[in-house]
Amino acid sequence: MDPDRLRNLLESLIRGEIAVDEALEALSHLPFEDVGDARIDHHRRLRRGSPEIIYGQGKTPEQVVRITERMLAGGGPVVATRLAPEALTALASRWPAARLEKAARMAVMGEVPPGEDTGIVVCCAGTTDLPVADEAMITLEALGHRATRLADVGVAGLHRLLATREELTRASVVIAVAGMEGALPSVVGGLVPCPVIGVPTSVGYGVAFGGLTALMAMLTCCAGGLVVVNIDNGLGAALAADLMVRRRRG
Amino acid sequence: MDPDRLRNLLESLIRGEIAVDEALEALSHLPFEDVGDARIDHHRRLRRGSPEIIYGQGKTPEQVVRITERMLAGGGPVVATRLAPEALTALASRWPAARLEKAARMAVMGEVPPGEDTGIVVCCAGTTDLPVADEAMITLEALGHRATRLADVGVAGLHRLLATREELTRASVVIAVAGMEGALPSVVGGLVPCPVIGVPTSVGYGVAFGGLTALMAMLTCCAGGLVVVNIDNGLGAALAADLMVRRRRG
Amino acid sequence: MDPDRLRNLLESLIRGEIAVDEALEALSHLPFEDVGDARIDHHRRLRRGSPEIIYGQGKTPEQVVRITERMLAGGGPVVATRLAPEALTALASRWPAARLEKAARMAVMGEVPPGEDTGIVVCCAGTTDLPVADEAMITLEALGHRATRLADVGVAGLHRLLATREELTRASVVIAVAGMEGALPSVVGGLVPCPVIGVPTSVGYGVAFGGLTALMAMLTCCAGGLVVVNIDNGLGAALAADLMVRRRRG
Amino acid sequence: MDPDRLRNLLESLIRGEIAVDEALEALSHLPFEDVGDARIDHHRRLRRGSPEIIYGQGKTPEQVVRITERMLAGGGPVVATRLAPEALTALASRWPAARLEKAARMAVMGEVPPGEDTGIVVCCAGTTDLPVADEAMITLEALGHRATRLADVGVAGLHRLLATREELTRASVVIAVAGMEGALPSVVGGLVPCPVIGVPTSVGYGVAFGGLTALMAMLTCCAGGLVVVNIDNGLGAALAADLMVRRRRG
Amino acid sequence: MDPDRLRNLLESLIRGEIAVDEALEALSHLPFEDVGDARIDHHRRLRRGSPEIIYGQGKTPEQVVRITERMLAGGGPVVATRLAPEALTALASRWPAARLEKAARMAVMGEVPPGEDTGIVVCCAGTTDLPVADEAMITLEALGHRATRLADVGVAGLHRLLATREELTRASVVIAVAGMEGALPSVVGGLVPCPVIGVPTSVGYGVAFGGLTALMAMLTCCAGGLVVVNIDNGLGAALAADLMVRRRRG
Amino acid sequence: MDPDRLRNLLESLIRGEIAVDEALEALSHLPFEDVGDARIDHHRRLRRGSPEIIYGQGKTPEQVVRITERMLAGGGPVVATRLAPEALTALASRWPAARLEKAARMAVMGEVPPGEDTGIVVCCAGTTDLPVADEAMITLEALGHRATRLADVGVAGLHRLLATREELTRASVVIAVAGMEGALPSVVGGLVPCPVIGVPTSVGYGVAFGGLTALMAMLTCCAGGLVVVNIDNGLGAALAADLMVRRRRG
Amino acid sequence: MDPDRLRNLLESLIRGEIAVDEALEALSHLPFEDVGDARIDHHRRLRRGSPEIIYGQGKTPEQVVRITERMLAGGGPVVATRLAPEALTALASRWPAARLEKAARMAVMGEVPPGEDTGIVVCCAGTTDLPVADEAMITLEALGHRATRLADVGVAGLHRLLATREELTRASVVIAVAGMEGALPSVVGGLVPCPVIGVPTSVGYGVAFGGLTALMAMLTCCAGGLVVVNIDNGLGAALAADLMVRRRRG
Amino acid sequence: MDPDRLRNLLESLIRGEIAVDEALEALSHLPFEDVGDARIDHHRRLRRGSPEIIYGQGKTPEQVVRITERMLAGGGPVVATRLAPEALTALASRWPAARLEKAARMAVMGEVPPGEDTGIVVCCAGTTDLPVADEAMITLEALGHRATRLADVGVAGLHRLLATREELTRASVVIAVAGMEGALPSVVGGLVPCPVIGVPTSVGYGVAFGGLTALMAMLTCCAGGLVVVNIDNGLGAALAADLMVRRRRG
């Protein structure tokens, strides 16, 4: 809104041609940060029932507890990821009812919304990929999704993967978690007619390079339509899947 | 289905307890490759009106023309990407009505479905990112989407990006294309409540590393829910956006 | 098999033109997963006497014990690799007769088939490469091979390598294990008329890059016919050597 | 020192023409290369009928022609790889009967042995991988193998791969050629009970990194027994397959 | 500004407690994009006399000419970098009075402000680094600085560098340009009491890695206070030096 | 050679105690370091009140204490960075009045000059970036600057950053600290008309690569005039900011 | 076959106790390693007084002690590097007279030859580089060299380096040890007329990359004649310097 | 300040024309570079008969000719490396008697000193490594050395290398040139008792990485005493070998 239009607006207000509320409404589209703040709030805090996220790595147990307290005051559940064992213990003693997941290094505090089957499938290649798959599963549950987990369906035993094709075909979104050569999302991407989110994991040794090889393999995948998140980022995959499914529901 | 159940099925058929069509229906869930072929067909050729894709790099003009001919016989439009100038010329002389995009190195042959506004927004950071953004735009059009393109909204001139926030907020999916430091999807991801697909481009020099820095920056983005495709992969982003939007429509 | 041929088959069955068994036989080539399951079983569990493999890294002692129990029920020996010390202890207390190899971080449970000299030679460059060489040796033994181990035959002391040329020349397959500059397989590959499998190890410091330099050196080796596996992957080399030799025996 | 000269030396010693110390001195220079040369000759020139290899990259057409002449004098066929177009032309004009393969950048001069079906299968993921697959095929033919080529069986269209499982299951060795994410050998390795040699190709863009991603993916493959060669190294895979099959035949 | 304060402001305006201009002034601090646009304008177009920058890489000659025309309309000089020879020619024929620098691949169109000695020194290690040093020099001149260039003062001939220490000591900012091992900024940083901006260049071969080694060396420099820009980024160094010196002048 | 010895030499020459040739010979060894030492002293020890720096990594507590003692004798405060916990304890027990910063792993011994507001702003993207931001803040304080710290202003919540634009616009120098995708300096660089120093941090996981991605993103930033220091190098950024501001004051 | 056995063989031949053919047969197995062993022995065990080297990393204390015992039986001193603290303790309790260097992680057992001034200079950039410099110094002493150590002569304080130019100019070989940006050997290489061996160290953080940046900087150094060894390889530099000086002495 | 001016200064002091303080002041500016220049001159231009070096890459033919003219005025021969074909032509037409080496991209102008056999051996692994080996050979000749070249002695045909062991054993310095896996220097380093300089070449493809793999392999070589130069740096190896041998002769 340029100064002239703004001046006109104010003069109309003085002349009584528009009401204060009308002026407020018009002005509410001016300041980025006012609306923006609200919108981003809307986006990041989401609606009531959706979780706040704490990235626990590099934070002390005290910091994690303090931030959780502040966030819980906002209402919804709080999801904390990449927690050190001491932080898990601190959360457990402060909120005995919290859900603690040691292998996935996560905790969920506050009330989780009732789950709804929104068709999200989380599959993973090997048992050592489970903590990352579970980071996605638990985040999805805190977001109100009742997702399906298909474990140990790696491509080296193709029949195990093919045995799950019914679940895969019905999915609204598939989160495919795999370490080592990261071929699972490629193969799944060729089987299903829905978005596939590849999550490389740091499982492996030697040139697995802590997940880099799986990541690069997924990015170069020739199955069109595969999208990818950072290594071990089950959380990010869940947030993306939620965004994909949410608007469909809304 | 194990052999015994199969034997029972066949014996029921002989005994006239089930009809041939019932047996066919039951058997149609058996052979992976039969149904699978169809399903994958369904998935890859999609339904009538959706395009076939030719990856043009490393193919001779003759090969591109021959494959296009075969694919057009299947009905829908054919999208060819990463075409050498000679291949573009060959396609133009064979199909004078084809849509040729020199900068984006693409061609579309056959009839494109009428466009529908499905809310997909393609934004890019700089003018040199346009060919990649256009690869996404043209693919989306061939898929039947009438998408919105927002050019030159890089984060170094934040006000230009903020000036588009209305379009961004209304989007169903945002494809954010950026080279150099690749910060655009991070900032957009914090502004919009829909899925954002980051497309790094090879624009830049020095440690831009042909798009690798932009890719890595997008993957480590702290805005939850951002997903990423390979460097310069406008095609892949369009296919993913189509999958995200499609089911909502269907 | 397309639907028409399938319909014809079923109608022939009804008309009595073919017997149920004939129909079963024809149909047995249809469902991928039935035969496939069996075949993959055949491939991965192999015939009686061959081992199951547990990749121990990232698994708890309880998980390793539980999986071992389930696999032992299948008959053959079970080979577990990359075991943490606690997992080794847990296996030892559950199966006192198990073979435990602390340096190689392996365990073998169940009865190992009697060894047969199949001409496989495992040579390694330095004494610090021995744990990887032993991972190959122990796996080979569990697979029923009585292999020859030639230790400390690095190329910096060429005469030590040349002193073993008689054993090398007679080999059916040579597994050459080396860290640092990884030159051993290059030199061996020029000496022997059989397949050579290079196994880079993470031995070294500085630009040894945890085995990457050795791996790259082996891959660029100018001795034609050298094949390579992942860093420290003695297990994989043994499995490959077994496959190369096995069919010759069968 | 050849055997005759050695015999003369010893007879001179017996005849007293030279002293023990003189003989000792002469023997201390006993050339290693006599024995060694023979063995290595045996290994590298192999027996009559096997090819000599010229690595054409970085060589002038004159050099390639001159080396070919010298090698042909030794008898067997000569295989030249990575030839520049000028070198191909020079070879064609010098040996009009030579086999020239422009896409694979190869030439074969001299008489090729009659082909024998030794069960080697060469499969590749995409049509752009064909030149590398053909480098392997042509080398195998020059070595006397009549191999089977399975093209365009990438994992994104799994049913195409599964349709070839009969050929794959019967193979003695499978050479699996793939670029981009390089998942083909992983999947094949889970299907067949024979050695699989993975050949990554430089097909792809972005983080395909000229074949590096495919290479790394193959090396970290969880299908036990997969072995790998350098990027685009169809020649090396063929030489390795020949060594694996040869001894079985001999 | 929160809604309540905004409402109060508007009501004060209606009640005549404040004038329209006062309200405008207050509101001018609200809308980010209005002020922001101006401020960023102020920042990027700077005050009269400062240049506009065109990043020429990947742009056609026509695009470069068209953008230059539009920018010249804004008043100040226009600096175009990384120009292809064709773009240089196009600019020369459109603006015969333009300054063209072929080696530095730059052009300056429009009137350049009179130069002022602001104490900026540009030094470079070798003669092959000159194009990058000149990109900095020419940009500085277009920004109104009369800088000093010290060429060929690499650390391998330390006396040449030390011979310039008087100029270096008097500098307000030193831009130190170096390829290969990039040691010049380290040594200069230990000699002068002013900010030093290191510019790595892509000069060198082998592990010079196109400037990456020089960049990394500068970043790890133990001389406190050295700052660094991207490889070959003479432009960026000049813009940074201008910002450092400008406020001192203003 | 100190000035006194030089004066003696010249007086001996005048008194005829030594010949011109002898004086020439003695002078030819005139130590560079006299002049140099003074100048470099001036640069590195700076004037009274400025700190000495100890890089604590890899030093024993005893070494850190001993070097601190020697430096304190020189007058000004001593700043020690990257201290192990044991070194912090040792310093605390030797200098009970020292300032110890556990999270930033720093200590400041000796008297710090009174702080002056020189307009330096230190902003950081996330709370886990605080230790690096504090390394810069504490160093600046020891150098006599009273800087402003803006925490948690990452680009994913753009409104938080924009809320600080007043402080940013008034800054003389901005130090922008960010891990993960490192986009903060890009955005800040587009907002402010002063030098911006980007400090990448090692915060993040996966392809954050310990700060490398943030570093590369900052270096390729399209906002002209951004300069960068090594990963986690808050100290270096503070020293550079001091140099930029100092001359303006002096 | 040792010389005595060979002499016996020849004398048997002369005495007619064996036939020429028998001698030929025996000689055909004449172990290469006898001649080779002698030469390599000469090379690796060197002459009396030179040390045996044990690479301690990855070896248990027991292994280190056992190998030392065997090597000491051969006469000269034994140098052990990269020793874990436990290995140092084990050596100290077995050989109380051994020289133990904790910081350099080395031990020297057995009698060291009297030192001779052969003009070797070891200089290093910072105090944290000392352990690597000392690895070179101690190895040189064990090899009979009385070398000169110049510590803390990094290029950021150029005057300290220049103050040592007399020692540097007189050197026969200079070993220049430096971490971080690794500029020391570049500068030294421009000052001295003798061979310079650069030793990068892993000192530094961020993009120091554990010594890789220093290594690359040294390799791209524009001072002709600089040669380089692996990161932290003080031992290798000492062995190379010994070889360079030795022949001059002999 | 040249010696004459210094003598004048001192004589003015004796004559009382200037005071001690004036002389002190004048001397405080005593230019380091006078003494330094002489020493460095001595070092870099060396004594009469040694060559000047021009690094031709990135220089125009005119620049190369002009610098050569200036250098030839200094007396000795001039060696130009990495010359573009146009530069070679320009040099040939200006100095018809110059030595031009097209494959090695070098030229030598001016009179070369008579060659002396100083025992330097240059060996290389393959024929494609010859241009780099020749860069070393030609530089050595220009420096007055009559070196021995041993071509095609790669480790894959070990007998060819062993056949040259007599020449290798007599060498004063060995320059070992190798691409691909770069194993030659490792093996040579184990055979000879003199310094070995490894020169990696950019010969190879795939993970040869333009010489990086060979470089890394040489640096991690377990043969003590091997030193290394940059990829394709035959010049640097020759300069280093000259420095090693020179002092022995002087």
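We call the chains A, B, C, D, E, F, G and H, going by the order they appear; numbering starts again at 1 in every chain.
One rule holds in what follows: a residue touches a chain if its C-beta (ideal position, glycine included) is under 8 Å from a C-beta of that chain, and two chains touch if they have at least 3 such contacts.
Quantities reported herein were computed from a predicted structural model and do not represent experimental measurements.
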| item | value |
| --- | --- |
| Chain at maximum distance from chain B, centres defined as averaged CA atoms | G |
| Chain centre separation (chain A, chain D; CA means) in Å | 49 |
| Mean-CA-position distance for chain H and chain D (Å) | 38 |
| Whole-Å gap between the CA centroids of chain A and chain H | 59 |
| Geometric centre distance via CA averages, chain D-chain C, whole Å | 24 |
| Multi-chain contact sites of chain F, meaning residues that touch two or more partners | 32, 36, 40, 44, 55, 126, 157-158, 162, 190-191, 206-208, 212, 215, 219-220, 222, 230 |
| Chains that touch, pairwise | A-B, A-C, A-D, A-E, A-F, B-C, B-D, B-E, B-F, C-D, C-G, C-H, D-G, D-H, E-F, E-G, E-H, F-G, F-H, G-H |
| List of chain H residues in touch with chain C within their complex | 125-126, 154-158, 180-183, 186-187, 189-191, 204, 206-209, 212-214, 216-223 |
| Residues on chain H engaged by chain G in the complex (per definition of touch) | 32, 39-40, 42-44, 46, 53, 55, 165, 169, 172, 190-195, 197, 215, 219-220, 222, 224-230, 235-237, 239-240, 242-244, 247-248 |
| Footprint of chain D on chain H - complex, ascending | 126-128, 157-160, 162-163, 203, 205-208 |
| Interface residues, chain E side, partner chain B - complex | 32-33, 36-37, 40, 44, 55, 57-59, 63, 82, 200, 202, 210-212, 215, 230-233 |
| Residue ranges of chain D in contact with chain G within the complex | 3, 6-7, 10-11, 13-14, 16, 20, 23-24, 27-30, 32, 35 |
